[in-house]
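Structures incoming, each one as structure tokens.
Look for chain A in each of the two complexes below; its partner is chain B in the first and chain C in the second.
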Partner chain A sequence: MRPFSYDRAHDLASAIRAASAQVEVQNRAPIQFLAGGTNLLDLMKIDVMRPERLVDINPLEDSLSEIVADGDGLRLGGLARMSTVAHHPDVEKNYPVLSQSLKLAASAQLRNMASLAGNVLQRTRCSYFRDVSWGACNKREPGSGCAAIGGVNRKHAVLGTSPHCIATYPGDFAQALIALDATVEITGPKGERRIPVHELHRLPGDTPHIENTLAAGEIITAFQIPRKAWAKRSLYLKVRDRESYEFAVASAAVALDLADGVVRDVRIALGGVATIPWRAVAAEEVLKGKPLTEDIARSAAEAAFEPARTHGENDFKPELGRNTLVRALLDAAKLEA
Partner chain B sequence: MDTFSPLKAAPLSRRAGTRDTIEVVLNVNGRNHRLAVDPRVTLLDALREHLGLTGSKKGCDQGQCGACTIHVDGRRVLSCLTLVAMVEGKAVTTIEGLAPEEGGLHPMQQAFLDHDAFQCGYCTPGQIMSAVACVREGLATTDDDIREYMSGNLCRCAAYPNIVEAIKQARAEMEEQP
Partner chain C sequence: MNAPTTFDGGMIGRPTPRIDGRLKVTGTACYPSDFPLEDTAYAYLVTSAIARGRIKAIHLEEAQQVEGVLDILTYENTKGKVRKVRAFSGGGYTSTTIMPMDSPKVWHDGQIVAVVVAETYEAAREAAHKVHVEYDERKPKPGFDKRRPQPRQISNPLSSSDPQTGDAETAFQHADVKVEAYYTTPTQHHNPIELFTTTCTWSGDQLTIYEPSQFVHGLKNGVAKQLNMNPEKVRVISPFVGGAFGSKAALTPRTAFVALAAKRLNRPVKLVPTRSQSFDVSTYRAETQHLVKLGADRNGRLTSLHHEGWEVSSRPDNYKVAGTETTSLLYACPNIYTKVHIVHADRNTPGFMRSPAEVPYVYALESAMDELATALGMDPVELRRINDTMVNPIDQKPYSSRALMACYDRAAEAFGWSKRNPEPGSMHDGDWLIGWGCATACYPTNVAPAQARVTLAPNGRARVQTAGHDIGTGAYTAIALTAADRLGVPLENVNVELGDSSLPPAPVAGGSNATASICNAVAMACDEIRERLAQGAVHADGQLAGADPGDLRLSQGKLVAPDGKSEPLKEAIMRLGFGPVEAHAKYTPEIASAPVKLMGHKLIEGGISAMTSGSSVKDHVQYAFGAEFVEVRIHKRTREIRVPRIVGAFAAGRIVSPTTARSQLLGGLIWGVASALHEATEIDERVARYVNDDLAEYLIPVCADIKDVEVIFVPEEDHQVNALGIKGLGELGNVGTNAAVANAVYHATGRRIRDLPIRIEDLL
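Then we have the complex of A and B:
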């Protein structure tokens, strides 16, 4: 690992100040916040990330890891640990998709360490990205090319790709948040702002090294989840190469508002198949106002993968993704609201 | 472990003139240690290289295998992805601190012996620390749950079936006297 200096943040304002005076943002920023460290320290060990200074935000845990559930919804602190939220009784009961997406991610030890915000911001597992001996990776070295296009790309994305990067967004929890219409609360040098979670991540386009819309010094303080009719009838279905402790090859987070078998409203977010946590708006539109039959679910899945572009080894993904979504929708329809 | 009352995380002190050395007080198995280390030092390396506690093992050093599992304030975590500076003011428990002070073995250690739950033994300290936490978390209920909630501990010798049996034996004893 390259040398860095380490500081503890003692209040939110000083943490923000410490990181806001830098030109480069996100992964290339020389000053990084340290939460669980399970992604950042890993990437620093393999020399993919090379910050000069870490600002440890864990001392802010008391104020940034609260879990508040009331009649209006749920507020989850950005520093709350994955395991704490996954096993929280209110989350398990009233927001099953959140709890499931967390329980099916990583391992018990990693979930005890990792924060919600760090999880949502985690970086791709593309093996060219993670191996600095490969020269071509636009995400790591802008302008260097993409070794995965025409290379080993079985795990790569089929939705939201660009000619510059086809890396899969590897996480699970962001999809669950999107399926519940969650917003993210951000505090930065210019004050506070809120955006829908589905506006946090950026498509690779021709700048795959810029992965989200956070500015320098901005900290995710919380996620806000409204208590809508679909929250209870929600689930996360994750398909993997092995049954446990593995990233998704395809996954679907769905939340259904059903009345007499007819879809009043629905949210769908896909994982394992896209460059960002992927909200499948086209599929939602197909379902709205229709009875949730297998045929309709299949049409919705067709619509979701209509824009898919495959790259050889991942040619199987649209079919797997469609089947995953159909099963998730039909299983969700069977749940009690 | 339970008798230890945590310190408050102290403001960081840097050694005069040495920008890259920080001083931390590390509480391991109930004893405090003062260390002056490079900020890059992980908790795993601090335990093994600075304190001579070589029970925690380095398998992958990348958060993938679980061999380095220890407890921080009673929660199982990976020491290879934890900087030593991050645990100042917290109580660290390693495999060396698991057995009761008055002698003998922790029920989980005895159960691993009784069930031959290892071959080479390299993953074993991590397995045992993880298993103790798994039982305390109340997650070691069915065989399937044990497999699921222990999936972060890999065993290259594939002692998995015996590990499940060992955990069930220790669970019964741990539930009798928590």
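Then we have the complex of A and C:
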């Protein structure tokens, strides 16, 4: 860890002003917002992130952590804590995939600290990224190479990879948001904007160090989730090496609008297998208008992993990913709508 | 839980919550790095980022600029300051003969290359990150070759002890039923929660070391040798140890550098390495490979057993665990061939890790036994029964006691084994496949010379002092129970002092010998006190005048004769003079060899354990046994493996402290599940470096993974093992579990997975 200066934000505008003076993209910027700190401080202690200044946005908690549920949908403040949202009765009842993805993430202590925005923006767990003694990591040091390709990569991605980076996006909640077609509200130096959550993260391509589309000084203020027919028949299935406190080896967030056993509409996002929270559009297309049988679910899963590329230790992931999606779809079909 | 047989006073064997529990849960227990020392400076390690090569240059300029930096040690200023000492496994002190910072040579990833000392931990860490090391890197060998079998080394007849009898190869050729397979176990690290801390402080030429240790006398004498000092000028303090599992048994390279740093600055220096550094600065369980070939007749009787093992060690050290010592004596078999080979690689030297030999080797044999049962169409428990033996098949020495089948029967009954459908894949619960498996656990009953000083005050308070160690095992409690029992005083009256090299020497807390060795020494000291009080009483003109001193017992604060006559303790003690009565006992194991009987206490005073192994006693073999049963559940689509139920039954002689003994076995069973399904240190083969070196990536089970665990004690009396009849059990619990889990996975799925850990991808 390196010395840094610390400021507390008094209002949104001053927080944005404080951070907008910088040139780089937000995730590499010398000025970082501090929410729960469970990812940022961790990365600072191991010398991976070296910001010069932290702007603590926790003083904005009153305005940035509200949870509003009404007939139109759900609005979740960017600073709302994972545990608060996970156990909110409206979220549990009407948006089960959100609640489940949060409850199955991290540990109780972390969920009490961690914010929704921080969660969505959390960085990869790639071991080579998280240990600065490894020279080659394009995400940490652009142009240095990728130690994971040809190395220890059981946990690495098979979808959305590039020859420059195959790191898995580790979170769970963003997939749930994508499955429910959520938007993210952003306020920055140039004012407010909204984008679908599935447009927030960027594929690694040849710039794996740029992880999302937030410009310098932009703050996530809220997530907006529409109340659609599929929201209630939704679930998050997380497959992992142990029962709790572990990232997904493969996961699926599924939201299903089913009428008489036939899929009217469906949204699917995959975790543990891709470089970003991965929307499986091809699988959705296979399912639409079809009865949800095991065979159809399997075809959808085949379509989802059609573009998969594996790297040795993670050769098993497409098969596991397919099985995970099939199980999630069949389980979702059994839910009460 | 069965109450084992007890002695007169009945304190030995009494279920008792650990007596240091309150100190621990309230944070009052002082672990070595908790001792507040004035004016402490903080050390932070810089470790190598390559596994093989040389340091070309170390650039310290940027680090030295960091405010608060006091000193930086590198090979340039420590060269020649630490003397080479023999390795623990070769009868010396150190975990490795690799000498970091003695030259620019790099032997393994994570080798210490510099120690930064600063006013604060933060400054030391920041500066350490700014030390730039340039290397001349050479291509390292990460471990085993890809091919099987690994190269077979030319055996060195002096160091080889590969048990063999009959003609295993011919018998295998002619066997009615055969199985033959390779098994592997991965690299594992102990990862005790308490890190490998060291704090050193000098007072003139007297060095005090605060370091969590399983062997304070070894540490003291080892450091004294390294620094060319009189051992009496070194004191090691380690009253509580936050987990060790073998990793804190031998002296590791870090300690001497902290001592040197403290000397250079003339102030206390404290080192708390990071979790990641802990993977390299101490030892680990090296990966192993096994070739097991079993032949049997149609009735299941073994006719041939071939167990060949390969183990990884560092370049300079011949460390091996050689578990064939155990697997060759487990079952009756006329033809046995065993052999152990070492494969050297550019790695740090491995070392003891909880049941070092038994975990990998018994895993291989017990998996093969399950395969044999399948090949025979026989129940795996019956296969063990048919091949049960009361003698070591290699040399026909009898077991001092062996309750293996009693353990199987008790555990099988508690588990409900009779309801098992033997057909693989036949049992399920909804989408979850269910598998039941079992395996044998065993561990040699090792005993070492030990000393203890016991004082008994007229007010009935007792003080027990011995340089033993409570590494979380419950030693404080077991020792207190022994003293309370023998002195006839309440448990609360007994004060136990451990973990300080200024106390009478005790052996390494390893090889599960501590309870047997130390409690026998404590009982001896207590008996000496009893004897002296009795002699005084019968020769004075009190109540007990003229009684036979041998008949008198200490009980309930009194000296009591068989006819009920008694005398208060106070009177008996005061008669001998002012103040407390004190005895210093030196226990030498009954089973020790002649040289150990002669030299044992000299050795232990010099920090050498002199432990006699249960497999190398002159006229018999002594082992503790157990039988372990597990249920696994595996999802039919996504293949997660969970273990909802474990039952273990164990026979380990006299159970001194049943509550903490149960915890040991419980923890062992859980560790066994970890080792079967979770634990593995991943190595980047291209560079021979550990990759998943923290607790987020090195998986162990969490609470949600472990549901029902039942521990059953099978009563056993065995007075051949030692006077008190104690068999160690600290390392017994995690021995059979790997195989039991793997066998259950086979039963659930029909898939035989021979490479641990077993993960989702193995079953897709």
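Everything that follows uses one rule, which is that the second predicted complex is superposed on the first by the 337 of 337 C-alpha atoms of A that agree within 3 Å, B and C clash if a C-alpha of one lies under 4 Å from a C-alpha of the other, contacts with A are read in each partner's own complex, and residues count from 1 in each chain.
By our rule, a contact is a pair of C-beta atoms (placed from the backbone, for glycine too) under 8 Å apart; a residue touches a chain by one contact, two chains touch by 3 or more.
Since this is a predicted model, take the numbers as computed values, not measurements.
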Chain B versus chain C as contact partner of A:Glu61, first or second or both or neither: neither
First, second, both or neither for A:Phe4, with chain B first and chain C second: first
Which of chain B and chain C A:Leu34 touches, first, second, both or neither: first
Partner chain in contact with A:Asp131 - chain B first, chain C second, else both or neither: second
First, second, both or neither for A:Asp90, with chain B first and chain C second: neither
Contacts of A:Gln109 with chain B and chain C, given as first, second, both or neither: first
A:Tyr245 touches, of chain B and chain C: first, second, both or neither? both
Chain B versus chain C as contact partner of A:Phe316, first or second or both or neither: second
Doubly contacted residues of chain A, that is, touched by chain B and again by chain C: 1, 3, 244-245
In the complex with chain A, residue positions of chain C that touch it: 47, 49, 122, 125-126, 129, 276, 431, 635, 637-640, 642, 677-678, 682-684, 686, 691-693, 696-697, 699, 701-705, 759-761, 764
Parts of chain A lying in touch with chain B, wherever the complex brings them together: 1, 3-8, 10, 34, 36-38, 41-42, 45-46, 54, 56, 58-59, 83, 106-110, 112-113, 244-245
Contact footprint of chain A on chain B as seen in their complex: 9, 11-12, 19-20, 22, 38-40, 42, 61-63, 66, 69, 75-78, 81-83, 85-86, 130, 133-134, 137, 139, 147-153
Contact footprint of chain C on chain A as seen in their complex: 1-3, 47, 125, 127-128, 131-135, 147, 150-152, 154, 237, 239-246, 249-250, 316, 319-320, 323-324, 326-327
